[in-house]
Amino acid sequence: MPDGAASLARVPFTMPALGADMDEGSIVEWLVAEGAHVHRGDVVAVVQTDKNDLDVEVFADGTVTELVVPPGEKVPVGTVLAWLAPNGAVPNTTVASAQVPPVSLAAPAPEPATVYEPTAGESHVTSPVLRHLAEALHVDTAHLQGSGRGGRITRDDIEHAAQPRRRISPRARRLAREHGVDTSTLESGTHAVVGEDVLRSVSMLAATDVRPVMSVPAQAHVAPRRDRQVAAVEMRRAISRVMTKAWQEIPHYQVATRIDLQRCLESLAALNSDRTAATRILPAAVFAHAAARAATSVPEVNGHWLDGSFVAGSSVHLGIVVALRTGGLLAPVIRHAADKDLFTVMDEMRDLVTRARTGRLRASEIGDATITLTQLGEGEVDAVVPIIHPPQVAILGLGAIHDEPWAHDGMLAVRPVVHATLCGDHRAVDGRLGSLFLASFTRFLQEPTS
Amino acid sequence: MTTTMTCRDAMREAIREALLHDDRVFVMGEDVGAYGGCFAVTKGLLDEFGPRRIRDTPLSESAFVGAGIGAAMNGMRPIVEIMTVNFSLLALDQIMNNAATLRHMSGGQVGVPLVIRMTTGGGRQLAAQHSHSLEGWYAHIPGLKVLVPATVDDFRHMLQPALEDPDPVLIFEHALLYNAEGNLGDDPIPPVDRAVVRRTGHDITLITYGGSLQKTLDAAEALAGEGIDAEVVDLRSLRPLDDETYIASVRATHRALVVDEGWRTGSISAEISARISEAAFFDLDAPVGRVCSAEVPMPYAKQLEDAALPSVERIVAGVREVMATDA
Amino acid sequence: MKSFDPYEVVNAALADIAPDVDPDETGADLHDDLGLDSMDMLNLAAAISERAGIEIPECDYPALRTIAQLAAYLGEHAPSCR
Amino acid sequence: MKSQTAHKHVDAARPGEERIALLRMMLLVRRFEERCAQLYSEAKIRGFMHLYIGEEAVAAGVCAALGSDDNIVATYREHGHAIARGVEPKFVMAEMFGRAEGCSGGRGGSMHLFDVNHRFFGGNAIVAGGLPIAIGLALADHLRGEQRVTVCFFGEGAMAEGEFHECMNLAALWRLPIIFCCENNLYAMGTALSRSESDTDLPLKAAGYNVASWSVDGMDVDAVHATAQRAVLATRAGGGPVFLECRTYRFRAHSMYDPELYRSKEEVATWRERDPIDIATGRLRDEGLLDDDTLTAMEAAITADVDAAVAFADAGTVEPVAQLNRHLYAEHV
């Protein structure tokens, strides 16, 4: 057949070279059927090379007149895979057939398995490459409006729909790595995640913030047993991680003293004499209030050890360790505790303890403590030497109130006594300041309602 | 006791002192003698020290800078004054190909203990051939040392260590600073190659030098009103750069902004930014910001020149951007 | 009007302040066995007061160590029984 | 002011040994450089290398006129100047081998030979770049009232540079003790003098700056030596700067190899007939001051010197790369 109108009417679509080292390839699937109109740039087939399945585009406008090579057959680069009739040309399949080189004609091309014609309003991802991309980027294509021809979803559509990359500062990434924090859980407001976000998260973790507990719906009050078990396991892990880190990294020191509570408890009894259960003050609240005020008089124990240096707390946010009957513990925070009166401290403490035990604490009530108080006041324990919750630099441990012999004015008396132990992070604060704190704490206890 | 003086007087005092105490010192440059110096820094010195030591030169930057190099090689301690940094390009061959290289290419045999002083910077509506800040260019060249005094103390006391240096030292004096007054301290200045924290702060490190220092300090004060506590580092030397000081500051504040009157592209601010990335990347909470001169030849018209130069407002805006940056 | 059930009051109060405690353990020691501390006890007293209008004076606390004892105490002090 | 041409006659009263020493110096430089060419082909020497062959009379004659305390600044074609100044050939060769023992510690190479002990302030590879330095060297001596003279060598190509004109003016203005020795070999690389200068009478240009300006046959070592001696005498006596044009010719390519499209083989052949070594040898023979035996012995001794220099360089120390940053700034001990 000589050159002429008929041959002008045929444009070959050949096996492309998709890499410098590609010599042959095979059609995985045809994405067009015979008779389909195609445009320059449309993906018309998926081709398998030695390495990959790749989308293959067509470089001409026209109508597909014949699919020559069926899927699965390996052919050399340059082999005609299909014939196109340019727009405006009359397809002449008879002529075309005569022109087809002797390749792959032994088996007639079967009906392509996955041919479809996109219809308006219906979104489809046709190519495995794009399907893979959508999966990798977590894009749900079912809800995507394609911008391609006939509503087809394009690579751009998928990439636009993908979640914007979370922005995390280099320092935040480093701190997260060092503290074992999963950056995907970090909250940062509208900005990028920065170092402080990680450190806040670390301090929340240190207070054994275990999210499954937090997520118990308020109206349910009690999580299903299985959830509680899961939560307990996770809390155990969190405690394990934080306490191990604290024990390994923080050079603890302890200073301890015994405190005569006679005056304190007498004042408290007087205070409670005409109070109902709803307004009564417990010794625990007196201890918390005194501890908070002592922290303002020795600010060196109140704050965080961050990234190699001590950052003083701008206020006293007192963490209160609450042991859970289900195992584990939480340390909700009385914020600005030193600025509040005893009654407010009692109210908040009662509220926090109750909600801690009923799984209704908010995350914001957990983090951010600048110093922590732990009391084992209900049992037989005389004294406790606690472990600091990083990044805090001090924790005050109180034993149970017991009657003990007490030397007073050269006489032996029996007094209600509590053993107080202050554990300090020696990197940040020295023992002298720890003992000053205990002295101040003792003083405040003598005037509980002042 | 403190004395108040201008940076001009401080530099003149420094030159006087050097001339008085070291016979090897002489001053050479265009109009340094009879005219009293284009910026009056050397005013009065001709009368005091005579024409042998206060040498007016022809308008031959390459020859008299080269002469300074040769005299320094031959035992003298010349102070060469170039009127402006733009004119120094006429002597760039001597500065780059000779002063900076002689020690190295002679295998350590030849030293060039030369001091070259020149004015730099814009802000005086002197347009596109008298206003640029090319100290960053010179800082590119190994073999040179580049000092950028910003305070009366540094104007008064940087010259002597520069003269004592066995290698060529370029001192870039921002022209707007000559009239700036300040208290002359009694204490010796820190070594000239150390940066100094001029203002402490916790939130961001502002790194600057020379004519931009006061603007940066003013910006830091303005930012304090917004609750942004900025630390300001005065580099004082662009070569060598005191990495230790500004990197330590950035490690503490986690944010940095460089203020540099040079053009942004290929500038010393680019170098500092790169070094912060190299040394403190994992301490950063935001990309390093920069406030530089607009990338145009310096325009004449006041409002255009103002817009081209770093200003307190631009520095404040730059800081806000870094503080709010999505990293 | 629904009749006053002291067990119901105690159990409801317990559910408020210590939902993890099994209310069927009527004979168990609230403090030693069930782990309620002084804060819990105070809360329990307040909750009971709110529900039943019965204020338990602090001096009576030591005698009320089990759910059964509490229920009995409420039964004795119930307004309708006075 | 019109430039003068120096007397070309040979001073017959000059002692024979001194003239034989000039010949020996020219021969040493010649043989040394011929070996350099060979070593370059063998890749023992790399980089740019500019041979002085044909111009030896200038360096030999001028340097012999200087005292040991005088200063020299030279160009990148400075092997001859360094050796004529007294830098031992083995240190020059070691430098070209890039050895630590080289006269510039291997940092300079062929174009940057330095030896401050001989007050040899370098081969400067920026055309005219050495002139301002020479001004400064002279200025320092002038300020201190010292009797030193500074000689600055440069090619005629440098006279198209601004620095040349700045320096002529400054030297005359300040009456500095400096001799500008222009080695006019007629080509600035490949550009003929007539294609680069509006007036090829070079001393005339220097004279325009009120600099005493002389011209001499640069292929005649006796003439160069005699004229240089007069210039040194005048300058040292406070007469101010002297411009000395030495008319010479380079026999080989600009750098090691070039196709020499810019000049004809005939022209080179004509100039080779005026080889300064042949002129000096012939004259000394004619005067009965040199015989074959002496010449043979001289050649043998020079060959031995060059062999020794190559052996020294070959055995030299390869400086550890760890010392790359040395000699950037002064090392404080």
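As written, the chain order gives the labels A, B, C and D, with residue 1 at the start of each chain.
As a working rule, contacts are C-beta pairs under 8 Å (C-beta built on N, C-alpha and C of every residue); 3 or more make two chains touch, one makes a residue touch a chain.
Here the structure is a predicted model, which means the values were calculated and not measured.
Annotation: omitting subunit A yields the touching groups B, D | C among the remaining chains.
Nearest to the overall CA centre, using the mean of each chain's CA atoms, is chain B.
A comparison of the A-C and A-B interfaces places the larger number of contacting C-beta pairs at A-C. The mean-CA centres of subunit C and subunit D are about 114 angstrom from one another, to the nearest whole unit. One finds 41 Å separating the Cα centroids of subunit A and subunit C.
Look at where the CA atoms of subunit A average out and do the same for subunit B: the two points lie 48 Å apart.
Subunit C has its Cα centroid 80 Å from the Cα centroid of subunit B.
Pairs of chains that satisfy the touch definition comprise A-B, A-C, B-D. Touching subunit D in their complex are the following residues of subunit B: 26, 52, 57-58, 60, 62-76, 78, 93-94, 97-98, 102-111, 142-143, 145, 165-167.
Across the complex, subunit A is touched by residues 252, 254, 281-286, 324-327 of subunit B.
Residues 71, 73, 102-108, 112, 114-116, 121-122, 124, 126, 129, 131-141, 143-144, 162-163, 166-167, 169-170, 173, 326-331 of subunit D touch subunit B in their complex. Here subunit A touches subunit B in the complex through residues 167-174, 191-196, 309, going by the rule given at the top. Interface of subunit A with subunit C (complex): residues 221-222, 228, 272, 276-278, 280, 282-284, 324-326, 349-350, 353-354, 357-359, 377-378.
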